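In the part that follows, the structures are each spelled out as structure tokens.
Below, subunit A partners subunit B and then partners subunit C, in two separate complexes.
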Partner chain A sequence: MDFEAIRSYLPLYWDALGLTVRIGWQGVALALALGVLCAVTLHLRLPVLRRLVAGYIELFRNTPLLVQLFFLYFALPKIGLRMSPAVCGVLGLGLLCGAYMAETIRSGLESIPPIQTESAQSLGMTRMQVFCHVILPQAVSRSVPGLVANVIFLLKETSVFSTVSLMDLMFTAKDLIGMYAKTMECLTLLVVFYLIMLLPVSVLGSLLERRLRHAEFGP
Partner chain B sequence: MDNALLRIEHLHKAYGPHVVLEDLDLTVDRGEVVVVIGPSGCGKSTLLRCVNALEDIQGGRVLLDGESVSRQAKDVARLRQKIGMVFQSYDLFPHKTILENVLLAPMKVQKRPRAEAEAEAMELLDRVGLADRRDDYPRQLSGGQKQRVAIVRALIMHPEILLLDEITAALDPEMVHEVLQVVLGLAKSGSTMLIVTHEMAFARAIADRVVFLEGGHIVEESREPKAFFDKPATERARQFLRTFEY
Partner chain C sequence: MRSLGLDVLFKGKNFLRLLGGLWVAVRISLISVVISIALGLVMGMLMTGKNRVLKAVFRVYLEIVRIMPQMVLLFVVYFGTTRVFGWDLSPEASAIAVFSFWGTAEMGDLVRGALIGIPRIQYESAEALGMTTAQVYLQVILPQAVRRLIPLSINLITRMIKTTSLVMMIGMVEVLKVAQQIIEANRKASPNAAFGLFAVVLLMYFAICWPISRLASYLEKRWA
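Let's look at the complex of A and B:
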């Protein structure tokens, strides 16, 4: 192992980590927003919209992120829609994972027994009040483990960004290997940096889960 | 003067071809306690659910104080505020503390100020002996305690009528008593109630009027509950009551 080389690569990896985290979290934010909107649409069976949402989910769940990115970055410019690699990255990630988030939240919503709705309605609450105060909070706390898994999955998927020339971690590692052929060093660093990015997410996720589920499931 | 609070007229309820309630008429006067008994599947619970507009009905109507209660009505939420309901499985909100469970509807639905609603909530919780559990979650309470909270949650809305749907059916025998004690107290203070129960001793003690329901029809109705339980007029009611003897 050439530690001298590793030391000289470190600044490049830190930069790449910064970019990966930045784009990754923007994608996560987009995915969560989309996921909640889509899940609510499906759960409340809003006419027309629910068909659109179902179509969106099937489209993005059943195609690889790589294909979606290629489409956004290489195909759309042919019809005059040109976006920077970073925007393509956020959009691709957000759209793909939004579909997963939607399904995770929907399963949470559907796991709440109907009698919860009825007992809230019997107190004179409107459909919207029942949803906001009774169903959604319970559904979210039940969905947390799945949502955290999605976030980790999403942040790992950033590794395909290198193909649209975003200088993320994967891109940096491949680039360095291409130039100096220190394969072992570069890939070890790559593993270490993905762990630096994702282990805190795992830990925070467990904490959040414990906090949100405390009411229903105890300490 | 017409003293009827709840008026059920020609109520018809069916799930597809399966008729549950057929041309049913029932009136509950202000301050009256009506107990509905009958074998499983006779439509007792469905009747209560129709009164609270939790079910679509296929015919007839339910009138509370002259106003039609129906699932389709735009103001069904407003009417439901006047109709308190307590379910067999308590159905507290598991993500909220006991106090929050009680306060949710008065604050969100009736828009009452927190201080005032909380004062009443604590008074009611105290009356059922649970004031010290205000900050616990439902999972930390026994079934009987949860059911008492569910009663308080309904009472704080000041309903004009209280519907109790087999509220002790899911409880251990020793917890039945504490819940029924609360309900007896309510009856004494003049609450109007429509109660479905399998506790015959309780029915006998609390009822102003007993309704025996079978096959979606009222088979027998009596304003003399003691006489009814000792010697029902119909053979069907006699057979039913005999099933409770050992």
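Let's look at the complex of A and C:
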């Protein structure tokens, strides 16, 4: 191990981590928004939109992110839609993971027994009130384990961004290996930085899960 | 549509080459899935056992697999271990090693979940009938667990196939790489070929994964 080299690489890795996290969280935000919209559309059985949403979910769940990114970044400019690598990254992640989020939230919504809706209605709540105050809060707390898994999956998937020339962790490692051939050092740093990024998310996720389960079932 | 690369798609052997690339991806994932299922069954059974040390080791293993991107694992195995141990790994062997490593963890966790889902009374009744541990597992528990496992392992196949698109990063020529080569070769004659070809690759993945995941959800509903 060449620790001198590792020290000189560190700033580059921190920059890359910053970029990965930034794009990752923008992707998560987009995915969550899309996921909730799609899940609600499916749940309320909106006539035409439902078909569109179902098609979108199937398409994005059954193709790899790498291919989707290639399509967004290399193919769309040919028909006049040009986007920067960062926009491509956020959009690709958001669209991919939005489909997964939608599935998770939808199954959360479906797991709420109909008696909840019926009771709320018999209390004189409107359809909107029932959905916002009774069904959604319960569904969200049931979906949390799945949502956390999705967030981790999404942050992991950022590793394919290097292919559309975003300077993320993977790109930095590949670049440094290409220039200085210190394979061991670069790969060790790569692993360590992914741990720095994802271990806290994983730990926080399981704490959150425990807290919510406590809220649902009591101590 | 001429300008969008559909002419290039059917020029010469291009389409066959793409299909060949797709087969590479499917072959790697099938081999890895078979290995993962075999090892995952063993791992799942061990995880429900009583050995504390073994359980802790598996927890760490699961967490590593959960956190590390498959691309990083591919790089570590293909570029890292070859450097450290001096052995010579082909990209295909590294890919199969990594995907099996990943798949075994996933499968092990699924098996554990399925085994825990089987009521305790099944184990106890089988033991009360004087069956040995091997008999209990082979003749009572596994046949019931398999029913819940089949849809989940079919899902694992589609995830494997999707993840194999990463092997182009360690220099394997699979469908995405073939598409890139075709686009490069026809840069002058058909500058917009990227659109048609990448769209076709996207649809090829969809055409493979979609029926498989439909089958999985059908079985899940039917056997639930």
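The rule is simple: the second predicted complex is superposed on the first by the 214 of 219 C-alpha atoms of A that agree within 3 Å, B and C clash if a C-alpha of one lies under 4 Å from a C-alpha of the other, contacts with A are read in each partner's own complex, and residues count from 1 in each chain.
What we mean here is this: a contact is a pair of C-beta atoms (placed from the backbone, for glycine too) under 8 Å apart; a residue touches a chain by one contact, two chains touch by 3 or more.
The structure presented is a predicted model; accordingly, all values stated were derived computationally and were not measured.
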Simultaneous placement of subunit C and subunit B on subunit A, clash or fit: fit
Broader residue contact with subunit A after superposition on the shared chain, subunit B or subunit C: C
Touched partner set for A:Leu81, first subunit B, second subunit C, both or neither: neither
Computed vertex angle (subunit A) for partners subunit B and subunit C, CA, steps of 10°: 100
Which superposed partner A:Met1 touches (first subunit B, second subunit C, both, neither): neither
Subunit B versus subunit C as contact partner of A:Gly124, first or second or both or neither: first
Partner chain(s) touched by A:Val48 [first = subunit B, second = subunit C, both, neither]: neither
Partner chain(s) touched by A:Met179 [first = subunit B, second = subunit C, both, neither]: neither
Subunit B versus subunit C as contact partner of A:Ser141, first or second or both or neither: first
Partner chain(s) touched by A:Leu190 [first = subunit B, second = subunit C, both, neither]: second
Smallest distance from any CA atom of subunit C to any CA atom of subunit B, in Å, after fitting: 23
Common ground on subunit A, meaning residues reached by subunit C in one complex and by subunit B in the other: none
Residues of subunit C touching subunit A in the complex: 4-5, 63, 66-72, 75-76, 79-80, 83-84, 158, 162-163, 165-166, 168-169, 176, 191-192, 194-195, 197-199, 201-202, 205-206, 209-210, 213
Contact set on subunit B toward subunit A in their complex: 52, 54, 77-78, 80-81, 83-85, 87, 89, 91-97, 104-105, 108-110, 137, 139-140, 150, 153-154, 157
Sites on subunit A touched by subunit C in the complex: 58-59, 61-64, 66-68, 70-71, 74-76, 78-79, 152, 156-160, 163, 170, 173-174, 177, 183-184, 187, 190-191, 194-195, 198-199, 202
List of subunit A residues in touch with subunit B within their complex: 115-116, 118-126, 129, 133-134, 137-138, 141, 215-218
